[in-house]
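Read through the structures below before going on.
Two complexes follow with subunit A in common, the first pairing it with subunit B and the second with subunit C.
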Partner chain A sequence: MTAGATRALRVLWVGYLLQLKILAVNAFDGVLNVIYPLFFATCALLMFSQSGDPQALVYAALGSAVMGTWSAMATSASGALQGLRWQGVLELLVCAPTRVGLAILPITGALATVALYSFVATLVWSRVLFGIEVSVASPLGLIVAMLVTLASLATFGFLLSVTVVRYRTGWALGNALEYPGWLLCGFLVPLQLFPEWVRWIAYLLPPTWGMDAIRAAAAGGDPWRDIAICALVGLGYAVLATVLSERLIDSARRHATLALT
Partner chain B sequence: MSILEARELRRTFTTTTGVLRRQRKEVEAVRGVSFDIAEGELFGLLGPNGAGKTTTIKMLITLLLPTAGSASILGLDVVADAREVRRRIGYVFGGDRGLYERLSAIDNLRYFAELYGVPPREQRARIGSLLELVGLAGRERERVEGFSRGMRQRLHIARGLLHDPALLFLDEPSIGIDPVGARELRRTIADLRSEGKTILLTTHYMFEADELCDRIAVIRHGELVAEGTPEQLKARVSAGSVLEVELLGVAGAAAQAHADAVCRVAGVRSGTVDEQPQGAVLLVQVEPGVDATAGVLGALAGADTRVGRVVTRAPTLEDAYVELVSS
Partner chain C sequence: MSDTVGATATLRGIPAAWRLLTVGGVLSFRGLFNWLNPYIYIPSLLIAPIFQILLFAYVGRAAGAESDSFYLVGNAIQYASIPCLFAMANTIAGERWTQTLGIVLSTPANRVALFLGRSIPVIANGWFVALFGLVVGAWVLGVPLPPQTWAGIVLCVAIASISCTGLGLLQAAVGLRVRSTAVLGNIVFGVLLIFTGTNVALDAMPGWMAAVGRWMPLTHGIEACREVLAGASLGAVLPVLARELAIGLGYAALGLLALRRVERVSRLRATLELQ
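Now for the complex of A and B:
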């Protein structure tokens, strides 16, 4: 490994640990992160329980688990970058000689780790409160599918964050994506119910493939094809965000949007 | 040898107004600024709010692209060689912002040491010595959110020095700091200067610039209006005296009208208003060898104005600054 790659990995790792520390010490954010996914999962499970179909409840339990990870990433990633702008740290990150992408990716990586909690907590909540037993045919497949989904969510959040560097109001995009994402990624409603053009949008979102892989791993199907596509889509977002980050920063320097004023 | 060379730097901002009928407006924040900074020099950039100080600095530290003109640091162009320039400069700005509030001081420094490529083996010693330099040794494990403004500012300086930059930019570092904290900060800056560090400082406090700077440039409406040593700038108004006239219960436009009236008195070069809580003080620049006290008081007498303290004194750097930015 070259010295540059080693240094880049070190910057990513140190940044990731510090971002986790920042998330851990904020009690208010912590409480919200604990409550929100459970609240939305409860709403979904209460609706699906009316059908009286145990399989529908399993479908909803898995869907609401991934739904929480989407919410944790879509709204938080762009908000976190806006927070850096408010703190005056964004300018300092750009002013440093390290590529700014190496400072942003750890933020979304740390948020993805918080999203992992959301996934596990929602499944436990479904079991304890609604008595839903999610039997997993392929535990390895489920774990890999979950981790790949989270990683691809992190790269998707990376792209959202990069746009916030250039556009001061870009953080609103993350909020706007939260609820459409619930539908588009097939968390609670099968994609087959939507028109074909909507499905093509859904295929561009990594959790769509991650959700299919998780359901396949639980039901005994083959999750690996969906896992591979999810990883590829996530990688695509990482490459796009890396390329765009330098261009958008140059644009931000031209249009003076790095600072608040 | 010049560490920094700025040539005809310009920066225009485009703003829009209106909702349905949006209108674009161009504002020239910096209009052809040129100056050099020599190695080991402490260079002051002074000017009122909105004069273009921070915009100039942001172009030099690669956060803004100039609209025209050029600047180089150690021979590296701030636009074409931005990443290499960033390795060689440190940037510290004033105020509460610019730190990870929820992290400790040492975590802040450790992260920025990584971002600036300080080798891992050197980080601990470097951070330790900087904490000593800025007087925060022993407090490094505390979260920044509990720090006073003065402590934050000193931590900012430590952050800016982590990679031992060739040129340090200090943008109003003492703003909002109490007198004791500001004195400690000035001592830190003076220590850096005595160690041979090249510094560009912007400040609103004239005594600070007078005490610290080797050379000063005054910027007004985006243009440099004067440049020289503090003594040279003072000399622009030292051939004369300053008459301070306290006006009780007068402010704003009324005080300015008095200043305009005083300017018509024989022997008076200029008159400016210094707003005070209980009224205003007229600062009257008087020609050498002229006693304009009677004339000035006479100009004020007919205006039904209560005059308080009247003092004649030698000009200061602040007088030179006020004359430069208000002429």
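Now for the complex of A and C:
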């Protein structure tokens, strides 16, 4: 491994640990990202429990659990750079002798870890409150599917955070994205219920493939094709975000808008 | 003699209290509720409720539970809680962040007029947001809103907004003691989503949840609006709306009492402007 790659990995790792510590003491990201999806999960489980079909409840329990991962990304990543701006450290990060992407990706990576906690908490919630037992045919497939989904979400969050660097109220955009993501990614609503053009939007979102893979792993199907597509979509977002981050940050520096709150 | 002086002072105080209630309320709302910025207002209060309605209508279709109309009314009215809770918290607890709370509370202003005045624009805004969601959501989902139901719907939504703002007043008092008002607002929103029969009829809930829901704002407003849309006359739903209003006024009274207590305790402990 070259010295540059080692340095990049170190930046990612140290940044990730630091961001995780910050999130652990942040009431909004740390607590709300875990509790908030539970409200919606409870609602969805109460709705599906009216059908009296145990399989429908398993479907809803898995979907509700992954819903929280989207919330962690859409809402929090959109406001991530604005948060840095308010704290007065965005300029310092941009001036650091490393690529901007390497400084931002750990933020969304830490958010993805909170999302993983949300996934587990929602499954436990479903088991304890509603007695839903989610049996997993392929635990390895489920774990890989979940990790790839979170990694893809982290890169999607990375893209979202750099896209809204010029948008001072990015958190509001993130709030507005929460429901469309829940609706389109197939967490609780089968894509077949939507028109064809809506399905194409869903296919561009990594959790759509991740959700399919998680369901396949739980039901005993083949999750690996969906996992591969999820990883590829995530990689595409990572490349796009890296290119955009350089250009948008350069633009913000040229227009002297980096520190404007 | 002293009775006459007191009565005169009270009479003189009425125009001041009225000005505080109306002009003061609007000014505080405009100054402290920063969501009025279109970059925040449009995504948070106009677009998000439409997608909340669509989400639950489609989940309802997938679960085979209730009709689109059920979710449309429930979620449109329940979403009024976002402007009602957050705006009420911002327009009172926000004074602490702008370092003006001490100045406001050191004035001899009538506290009821001071705080209730701030709630009037909040109610109007919550009413508008819920009606916007209801009308646009109905158009997107293809739910008919017959003209003979319009007056009833407008009244149900208005009373639900008044009621929820009562809860917002109580939350604003708590917001003067806790720092994370955004977290608190989101948690209250989640509780209302589950317990008020927004997406699951009270009859289909466990008994204890339905019992809790009957003491919350919005529950009866949503119920009345669903009945109006199903063809009930305004007279038929008036008792339900009266209960909704009574619950809201109860929360508002609790909120005003809590604000008085928080003010007194904060003065004693010198914590009025602690952030």
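Simple rule for what comes next: the second predicted complex is superposed on the first by the 250 of 261 C-alpha atoms of A that agree within 3 Å, B and C clash if a C-alpha of one lies under 4 Å from a C-alpha of the other, contacts with A are read in each partner's own complex, and residues count from 1 in each chain.
The rule we apply is simple: contacts are C-beta pairs under 8 Å (C-beta built on N, C-alpha and C of every residue); 3 or more make two chains touch, one makes a residue touch a chain.
Model, not experiment: these values are computed from the prediction.
Novice: Should subunit B and subunit C be called a clash or a fit once both complexes are overlaid on subunit A?
Specialist: Taken together on subunit A, subunit C would fit alongside subunit B, as the superposition shows.
Novice: Of the partners subunit B and subunit C, which touch A:V189 in the superposed model: first, second, both, neither?
Specialist: second
Novice: Return first, second, both or neither, reflecting whether A:T6 touches subunit B, subunit C, both chains, or no partner chain.
Specialist: Neither subunit B nor subunit C is touched by A:T6.
Novice: Between the centres of subunit B and subunit C, viewed from subunit A's Cα centre, what angle do you get? Round it to the nearest 10 degrees, please.
Specialist: The three centres form an angle at subunit A of 80 degrees.
Novice: Between subunit B and subunit C, whom does A:F39 touch in the aligned arrangement: first, second, both, or neither?
Specialist: After superposing on A, A:F39 lies in contact with subunit C but is clear of subunit B.
Novice: Under the stated touch criterion, which partner chain does A:P97 make contact with: subunit B (first), subunit C (second), both, or neither?
Specialist: The answer is first: A:P97 touches subunit B but not subunit C.
Novice: Going by the contact rule set out at the top, does A:S51 touch subunit B (first), subunit C (second), both, or neither?
Specialist: Second partner only.
Novice: Taking the superposition as given, tell me the minimum C-alpha spacing from subunit B to subunit C, whole angstrom.
Specialist: 10
Novice: Under the touch definition given earlier, write down the residues of subunit A that touch subunit C in their complex.
Specialist: For this pair, the touching residues of subunit A are 27-28, 31-32, 35-36, 38-40, 42-44, 46-48, 50-51, 56, 60, 167-169, 172-173, 175-176, 178-180, 182-183, 188-190, 193-194.
Novice: Over in the complex, which subunit A residues touch subunit B? Could you list them?
Specialist: So the residues of subunit A touching subunit B come out as 7, 10-11, 14-15, 18, 21-22, 25-26, 86-89, 91-98, 103, 250, 253-254, 256, 258-259.
Novice: Across the complex, what residues on subunit B touch subunit A?
Specialist: By the definition above, subunit B touches subunit A via 13, 61-65, 83-84, 86-87, 91, 93, 95, 97-103, 107, 110-112, 114-117, 120, 143, 159.
Novice: Show me the residue ranges of subunit C that touch subunit A in the complex, using the header's touch definition.
Specialist: On the subunit C side, the touching residues are 35, 37, 39-40, 43-44, 47-48, 51-52, 54-56, 58-65, 180, 182-183, 186-187, 189-191, 193-194, 198-200, 204-205.
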